[in-house]
Structures are given as structure tokens and as C-alpha cells.
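Please find the structures below.
Consider the two complexes below, in which chain A is the common component and chain B and chain C are the respective partners.
Now for the complex of A and B:
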């Protein structure tokens, strides 16, 4: 396991390094001045521009520039936004919190909906309910997220009025932003209207969470169902039954862990899909997260912000994938054997 | 006293080509503490027979029998739940690829402890747990595993096939079954491991009065401790009786052919022809009528299109119109 962990960590580091090289080179490919693209300091601001030239080693060769860039990246000095003139890294943190909150909730909802429905469908194999669940999941999987979001807004926010159309929370509550994750921030604040704010935040939250959860949930459903059907046919399940173990014990002790194995493996992939959906969803719901920030920066040609957004998204996806793989290998030891053909 | 009594068991499978008879009026009797070897080529229906006895039944199978009795229970007319309780308590089976019968994501020790029946433990939770542990260790000792701790802490993929087979035997004997069905338990094992497994099985049979139905492919795998033997070809019983008698004076041409085959290595001239029956095993959809060996049998005559009834010479029974040893003592 140690060897496996080290290998994954090496892979993570190398990929992250390649990512920094890519991001660094983007500064030269973007139109305009590379130094401005990187630091967010315009040439018209002569004094600061000279300062940035010195600190970012733009008076030296490209390798020195890169190593300086890396240093700035690691120190969290990611330049300033071209449009707001604020430091990018400090701007990013609460947005990251909001995005992580949204994606985590969506993942949890997807698992809570998807896995049990998949198990249920497998239990009713080829029955009417199985077909219904699988048919629904295929159609839900096929709906593009931007369309689904608009449809649900039309239905729940406009027509029924159950929920606000967009936003994270009613600004009247005046919750101080610290982590960016709204539920956490409400918990940390000392506002006298905390419970009301909480209810308001939930009413803002549930629709985007539902939209985001839809696709991973349908994927989970199908993976879980197929995996369980396969496990049920395995010899060890049949022999457990022949040994006279109770159905419940077989289900919880042998069927479930083995069913979840391929499901866990899929979680990383699901997270990547969730991340690409979250960008669109945040824009539609006007959610103050990384995705809408990134899209806005693209409209405004705000290159420092664009880089930061790209880097954070890519790093997040990489990190989650490696973590999922590590968990998978730790929880299911025979995976490690398959990787090395060890005995 | 027969504990397993099967008379004219027929299994038909529904296929696209209609009903296919994979087991045709098969009979088998097994006494307590006896080791009985069932010899048959692949596809002869021997594994299906084992499944029918244990009740691993697919709803698409049509099973009929004059008798399918286990001790005092009529297995065919029991409801599935009761049948599962009885077979789970009295019978156990071990298989060809033992490691696929172990949960890959669960430690061996946990699976072994789990197979110890709850009813045999008493006391509060902690005591039961400790009891389970000691009983699991004892089971491993009984199948000849000494480094119990190491083995119990391993995952199935870390075991060799021989070791995995020992584990599955340990799990099988955890509830002291009266019948153990061993379906080609040593295929793909080294001769050394194979001998170990056979020794273990015969020892268990002798010490606990456990009957064993050993299923094998050819006569070379029949162990001397197996006093009874049956030969099955394409779902039909060819010959059954005491092993020694069948080996020395076979009555059925199929037995003779199998014998010639297994004796070939010891007795034949170098570069002589392999003594085989002509032709090949027919496919399930195209079984010959009457005696299914008919088209391949060197002694077949016109009468062989009728299925021969079981005849008996002493304790040897066979289904053939023209047996090799015609009984001086016909019944």
C-alpha cells in the first residue's frame, strides 16, 4: 500500500507540475503583455510594472521567469485581477468554498438517490420497476444540464414559486463571508437570525444541488445496478447461500461491499463530470463560485483570474481522482494485486 | 443404510431448440460414511446432478424424479425455505476453482468465522466472538493449516489454490455436514497438493462418518478409499458398483473404454494407438435416442436404440443390452 501511495503521489505531483508549465505558457499565448497577463499589473501603471518586472524576473531568461512563477504560485501570490484590482488568491478562497460546498452536496445527494435506486432496480431485475428506473435514468442522463436547470427554474421558481430563482442567500441576512460555504458561514456567524438564514440558504441551495446531482445520480444508478447483478452471480455469493447464511447477512456482508467496488472506482470520473457541469450551473443560478468566476473572467479577458480558475479546477479534479484511487486501493486490496500482479 | 437415494432423476433444460434432457433417469445411492466417485466427461451432467442435490436450481430447469430423498426428507416436495435449511445444515460442496468461492473483499478469517453456525454458540456477544475465533482456528488445524493467524489475516487473492481449497473444505466442514460433494476438487493443482487434499478428505470421511460424493473426469483420479463408483455418459448412468469390481470386471463397454484409457500409460507398447472410442460427444441438442453411447459403442446392435434398463450382477449394476460379462447369476 505504501508503494502504491507513493506512486500515486508521484503521479499527482508530475501532473500538477505539467499543469503549472501549461498555465505558465498560457501567459505567452494570450494576447497582450505576458507580464500583465501573469501579474495583472498594466504597463500604464509604470511604478508597479517595474516592480513586477523585478519580482517576477522578467528582466531575466524564461527559466528564471518560470521558477519565479512557481514560487509565486506556491506562496499564493497569484497576481491581481485585471478588472477588480483585487488579489486573485484572496478572491478565490471564498469562491472555492462555495463551489466545494455545492459539489459535495450534489455528490452526497447523487449517492443517496443513485445507489439505492440502482440496488433496488437490480433486485427487481427485468421487472416493471427496473425498466422504469433504468428508462428514467437514461432520459435524465441525456438531458443537457443547462436545459434541465432552466426547465426546473421555470417550474419551481417561476411557476410554483417554491424557491428563489438564483443567488446563494438573501443579502438582507448580511452573513459575513469567511469560508464561502454558505451553510458553514451561517453556522460561524453570530447573527440573531441564524435559523431563518439557514432556511433561506437551503431554499436557494436545493435546486442547483438537484440539477447537479442528476447526472452523477443516473450514472451511479446504472453502475450500481449492473455491478450488483454481476456480483449476485458470483460463486462466492452462491456458496454463501448454500452454507445457509441469512439473506440479510449475505446482502450486507458480501453483496454490498463487492457491488460498491466498481461504483467507488467511478466516483472520480463522476466528479470530473460534475465539475464541468458546475461551471454552467453556477452561471445559471448566479452562484458566487469558481465556475461563474471563471466564465466571467473569460468574458472580461481577465487573464490572471482565468489562469487561477483553470488551475484550481484542474488541481481539484486531479486531487479528487487520486484520493478516490487511493481509497479504492486501500479498501479493496485485490486491486493492488491486479496493479502489480503480486502474489 | 442409504442416506442419499436418487431414482430416475431427470433434468430437462429449456433451450431455443426445445427441451433438452441433460440428465436422463439417473439413479444413485449413497450410504453413510461412504466415498462414492462419479466419473464422467465434461458435459455429462455430473455437475448438474450436484446442483440438483444441493438445490441450486434455476427456474428454467424441469426436474422430475421417482425419488430424490435425503435421509427422511423428500427433497423435491419440500418448500424451498425448508429445503435450504436442510441442505445448508447437512450438505456442503467444494469446487474446482476454490478461490472464486471466497469473497475477494473479505478476510479469510472473517469468512471462516461466519460459516460457523450461530446455533452452536452460546453466551453473551463477547464470549460468542471468542468462541468463534477458537473454533475457526481449530477448523484450520483440522484441514492441516498451521500458521492460522497469517492465513486468517489474508485476503483470498493472497492464497494459493491448494490453500484456498483447504479453506473451502474448512468452511464446508464447519457445520459438520453429513454429505460433502467435491466437484473436481483438485483440477489444476500440483500432484503434491492433490494428494494432500485427497488425504484430507478421506481422513475427514473416516473420522466423522461423512459421506463424500467425489466428482471426477477420469478413472485415474479415483482414489482407493472410494469403495463405490458410478460412470455417467451424456446424462445417462452407464454402470455403478463397487470400485474394485468395476475396475477388474467391467460389464459396460463405456467402463471398459475408460479403463483402457487409464491403463494405457502403464501397459501399452510405445507408439501404439490411443485406445479411444470413435466419434465425439454429441451436442446437447442432438442426443441419440436409446442408449446415448450407441453411435460410439463398438458392440452396438439394433436393440441399442431402445434405452436398456438397469441390470444387476451381484452388486454391480449397468445399463447395457450386450454387457461384456453376461451374468451367470442373473436376477
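Now for the complex of A and C:
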């Protein structure tokens, strides 16, 4: 396991390094002055521009510039936004909190809905309910997230009036932003209306979470179902049956753990899809997260922000994928053995 | 199995918990949400001309020396209690109100009430290029430069703590009107000095301190602006305790948010679409006559628009009545000149070109463009009071021009980038407009077509003509309204002949409100005002005394 972990970590580091090279070279590919693209300091601001030239080694060769860029990146000095003149990294942190909160909740909901429904469908194999669940999952899987979001907004917000459609909370609740994750922030705030604020935040949350959870949930459903069907065919299940174990015991002790093995492997991929959907969802629901920030920066040609957004998303996806793989290998030793055998 | 049942139930239970929270908690009852259409450029209206910035700042954060009362069509006291004209109209003396307090905020605690120093500070900031604050945050004061106020006022002198004198270079009939605009706000000199001491003068326009009915609390770009009530306001304090601007650039989203109750008031609603939804009891729409003009400006420095025959040809080529129908849904008046009906100098004589594509073609051939030409038609990305949908308008114009063989390419950028590029004169022609800042007809001409305006970048036609400028100056020197009216007719005539721009429409400015909101004022001249806004408790009679 240690060797495997080290190998994964090396791979992560190398990929991250390649990512920084890519982001660094973007500064040269974007139109305009590379130093402005990187630091957010315009040439018209002569004093600060000179300062940035010196601190970012722009008076030296490209290698020195890169190593300097890496240093700034690691120290969290990501330059300033071209449109707000605020430091990018400080601006990013609460947005990251909001995005992580939304994606975590969506993942949890996807698992809570997807996995049990998949198991259920497998249990009812080829029955009417199996077909219904799988048919629904296929159609839900085929609906693009922007359209689904609009439809649900029309239904739940406009027609039924159950839910608001934008932001994290009614802005009249003056909740101070510290982590960016609204539920956490309400918990940390000293507002006398905490419980009302909490209810309001939930009513803002559930629709985007549902929209986001839809795609991974349907994926999970299918993966779980197929995996369970495969496990049910295995000899050890038959022998367990032959030994007279109860259905419940077979399900919980023998089927479930083995079913979840390929499901866990899919979680990394699901997260990647979730991340691309979250960008759209955040824009539609005016969620103050990384995604809407990134899209806005593209409209505004705000290169320092654009880089920061791209880097954070890419790094987040990489990190989660490696963590999922590590967990997968740790939880299911047979996978590890396969990996070593292949070497 | 119970497990399956639980799986089904969990989302349902979640849904149950999530029905909208009771609307009766204190902050919701005592606050108001205005869904504005964009980010303000700064929190100081002196620095810009954008309506979004004015709506967000002027009437909320600041006061002026005097206000304009539309009903009486006269000036009324504000921070100045009285004023007199001296020295043949070249000196104005203002007596200041006593005990007007500046905002107390976490970043500044005032030690004295408003006095003459503050007036001098506020005006010298843009008047005097040597002033320590002149170059802070850009040093560009487009309204004052375009209206010529920076050259009209020679100096501002504090006679004693409650008296200020303005010395003018000549008598000017539009001076008081300009002081009553949303741009001529009063800043705190003490705050300015404090910031200089701290070495952060730039904050004066980001963490504003004024005397207005609301105190600035926070601004999160693309998300919200939060204001709290100024309990020490020198007039009757506002009704609402909290005022939040929820920034919602998308017009459809604004409408939906109004319907779901996330906005109490929205500007520029999609009037037709709202009417289709059956929400009459919940939502009111009000339109105010707005002194504005939508026009199509040619960059007269770029060929082929340096040729008057080409400009005139295009004026004949577009079907403006069709635009009024299609873009404004009939909620606008076909412009008959630059001045809208609301101006006292307006004359009913039509001074625009009719629709005559055949003649347009002739003119083009005469100018040497028998086969037409290609050019860029810039269209604003946002809705303004004068133009709800510039993109659609551009498409209609594109189709009209195709008929005479002229090929237009429609170009647009994000709003702030759009304005920046316009100021740099990168456009061939642009669909844009103007909302008057004050009741004086001059406000439609000098900021739009004078050589000064060209220098500061509000003259979208890039038009500069010495004779024309002289005519404008003559109109402003004249004190008698009847004669001025005649002069402005001559000016209109000039625009008709030279066609630096084509006036298209004068439209209403619409707002939509939730049914329980009252008292939001949208003056014809200037930005929205929330001082009198309040919730009318319609539920109180039905569920008296029930508090959650």
C-alpha cells in the first residue's frame, strides 16, 4: 500500500506540475502583456508595474519567470483581479467554500438516491420496476443540466412558489462570509435570526443540489445495478445460498461490499462530471462560487482570475481522483494485487 | 423492505423542511431588496455617468446643495437652506444647513457636522487639478467636463463655516440645474483628510461616507450591495432598516426573482412578458416619463461616416416606426429630434428623416458607394431605460441596411468593456442613448455633441464643430427661455442636416414592484430613491398579532 500511495502521490505531483507549466504558458498565449495577465497590474500603473516586473523576475529569462511564478503560486500570491483590483487568492477562498459545500451535498444526495435505487433495480431484475427505474435514470441522464435547471425552476419556483432561485440565502439576513459555505457561516455567525436564516438557506440549497445530483445519481444507479447483478452470479454467493444463509445476511455481508467496489472506482469520474455541471448550475442559480466566478472572468477577460479558476478546478479534480483511487486501493486489497501483478 | 422506503422518504422529508421560510422575521420585514441590473463602477457618482452607478449611490448615500422638485418645476433647499445670485449672475452664495451629520461607520467617525469645508472639498476635488484627491481613482469626471461645469466655476470659497460662494466665469442659466443633479454630491472633507493620513485615499470612493439616508455596509461584486438606515438623517429617516441591491444582470432572471419574491423592486422589467403572466395582484408595473433619447451615433471620424451623404443615406434607410413596435413593444415615442417631449425646449416639428430606401440608395451612389460597404454596428449588451434591447434593434437595422446593399456586422462586449472601447473610439457606429441629468435642454447637447464631450469620451459621434459649439454656447449664455428655445431649435436643425447621430426613440422608464411596496421614487432626472420606500403590511389586517 505504501508503494502504491507513493506512486499515486508522485503522479499527482507530476500532473500538478504539468498543470502549472500549462497555466504559466497561458500568460503568454492570452492576448496582451504576459505580466499583466499574470499579476493583474496594468502597465499604466507604472510604479506597481515596475515592482511586479522585479518581484516576478520579468526582467530575467523565462525559466526564472517560471520558478518565480511557482513561488508566488505556492505562497498564495495569485496576483490581483483586473476588474476589482482585489487579491485573487483572498477572493477565491470563500468562493471555493461555496462550491465545495454545493458539490459535497450533491455527491451525498447522489449517493443516497443513486446507490439504493441501483440495488433495488438489481433486486427486481427484469421486473417492471427495474425497467421503470432504469428508464427514468436513462432519461434523467440524457437531460442536459442547464435545461433541467430551467425546467425545475419553472416548476418549483415559478409555478409552485416553493423555492427561491438565486443565491445562497436571502441577502437581508446579514450573514458574515467567512468560509463561504453558507450552512457553516450561519453556524459561525452571531445573528439573532440563525434558525430562520438556516431554514432560508436550506430552501435556497435544495434545488441546485438536486439539479447537480441528478447526473451522478443516475450514473451511480446504473453502475450499482450492473455491478450487483454481476456479483449475484458469482460462485461464492451461490455457495452462501447453498449453506443456507439468510437473504439479508447474503445481501449485507457478501453482495454489498463487493458490489460497491466498482462503484467506488466511478466516484472520481462522477466528481469530474459534477465539476463541469457545477459551473453551469452556479451560473443559473447565481451561486457565489468558483464556477460563476470563472465564467464571469471569461466575459470580462480577467486573466488572473481565469487562471486561478482553471487551476483550482483542475487541481480539485486531480486531488479528488487520487484520493478516490487511494481509498479504493486501501479498501479493496484485491485491486492493489491486480495492480502489482500487472507491473 | 424498510430500507427502500427510507430511500424514498429522505428526499421528501428534505422537501418538507424546505418550504419557504416564514416571511415574518424582523430582517425580512424591515428590509427591501432591489434587483439592480449591474455593478456600480464606484461609490462616487462624480466619477461616472452610468445610470447603474447613479441608481446605486446618489440618492441613497449622499445629498446635494439643492434638489429639483418636478411637480413645482423649481429648486428646493437640501443641504443649502438658501441661495442668492450676485454680481450679475457670476456669483452664487449658499447658506448651509446646520447640524447635518456625516455617516458614522466602522471605518470613520466624524467629529463635526457638515460645514463649508466639505462643500469646497467636494467641488475642488474635480475642479482643481492640483487637489490631492483630483487624480485618485482615475481623475476623470465626465459629467463635469462634458457639461462644462469645470470651466464655468472659477473657484469655490468658504466665506464662513455656514456660507459658500461660487464664482463663475460667466453667467450661466443652467448652473443651478447642474448643482441639483445626482453628480453634484457632497463628500466629507474630514474623511478625505483622515484617509490621506492613513495613506489610503483610494478608499474614499470604495468605502463611501456621505450624509444621505442610508449608510454603506458592504459590496460584493456581482452579488450584492448592502445599506443600513441612517438613523441620524437630517430629514425624516428612511422607513426601511436595510436596503440590499441584489445584482441581477439578466432581465429574465430579474423577472423570475420578482415573481418568486426574491426582489421587491426591479428596474427595466420585461413589460410584455410580465403582462402575459397572470400576476396582477402580486406585481405592479409603473412607468415614469423619462427624459431620454435612444440614438444611433456614427463615428464621424471613421470613413465612410466622415461623409455627410452616407450618414444621411443611412438615416433614410432605417424604418424607425418598425423599431418602436418591435423593440419597445410600442412603449416609446418615435423621436422627432434629440430633445424628448419632457423638455420645455421641445418643439413638435419633426426634425428626423423619414423612411425612404430608394432615396437612400441614390444618396449612397452619389457618395460613391453604389455597391454599399461593410461596417461595424455596436450594440449595448445591457438594457437601459432608453433601449430595452439594443441587440434586437441592431438586427432590425441590419436587415433594413441590407436592402440598400450596406452590410452591418453586429458587435458587442461586456458592458464595462463596451464603454471603455467606446471611449477609445474603436467603433464605426453605435446604438446607445442618453438620459438627462437635469431639466435643462443643454444637457442633451453639450454632453453628447460638443468638442469637450469628445475629449472626455461621452461624444459617441466623435463630432466636433466649432460653429456648432459656438451655437451651444450662445444658447447657454441666453437667460430668456423663449429665445433659448429658438436657439435649441436651430441646434436640432443642425443635427438634422449633419446627422452625427440619428435619434430613434424616447421611452418610458419602467419599474416593477411587489404588491406590498410603496414609496419608491424614480425621478425623471436622476436615479432611483428609496428614502420613502416601505412595505405596506397587507397581511397585518388578516393575521393581526400573529408572530412566529
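Convention: the second predicted complex is superposed on the first by the 341 of 343 C-alpha atoms of A that agree within 3 Å, B and C clash if a C-alpha of one lies under 4 Å from a C-alpha of the other, contacts with A are read in each partner's own complex, and residues count from 1 in each chain.
Rule of thumb we're sticking to: a contact is a pair of C-beta atoms (placed from the backbone, for glycine too) under 8 Å apart; a residue touches a chain by one contact, two chains touch by 3 or more.
Note that the coordinates shown come from a computational prediction; the quantities given were computed from them, not determined experimentally.
After overlaying the two complexes on the shared chain, residue contacts for A:9 are found with neither chain B nor chain C.
Once chain A of one complex is fitted onto chain A of the other, the partner contacts of A:173 are limited to chain C, with no touch recorded for chain B. In the overlay built on the shared chain, the residue A:296 is in contact with chain C alone; chain B does not reach it.
Of the two partner chains placed by the overlay, only chain B lies in contact with A:261; chain C stays clear of it. Legend: residue contacts after superposition of the two complexes on their common chain; A:332 is shown touching chain B, with no touch to chain C.
When both complexes are overlaid on chain A, the residue A:158 reaches chain C alone and has no touch with chain B.
Taking chain A as the reference chain, the count of touched residues is higher for C when chain B and chain C are set side by side. Judged by the document's definition of touching, no chain A residue lies at the interface with chain B and also at the interface with chain C.
Put simply, chain A touches chain C in their complex at residues 83-84, 109, 112-113, 116-117, 120, 153, 157-158, 161-167, 170-174, 177, 193, 196, 199-200, 202-203, 205-206, 210, 286, 288, 292, 296, 299-301. The touching residues of chain B, counted against chain A in their complex, run 54, 56, 84-85, 87-89, 91-93, 95, 97, 100-106, 114-115, 117, 155-158, 168, 171-172, 174-175.
The touching residues of chain A, when paired with chain B in their complex, are 234-236, 238-245, 249, 253-254, 257-258, 261, 331-334, 337, 343. Here chain C touches chain A in the complex through residues 3-4, 7, 10-11, 14-15, 17-22, 25-28, 31, 33, 217, 220-224, 226, 242, 244, 246, 248, 253, 256-257, 259-262, 414, 416-417, going by the rule given at the top.
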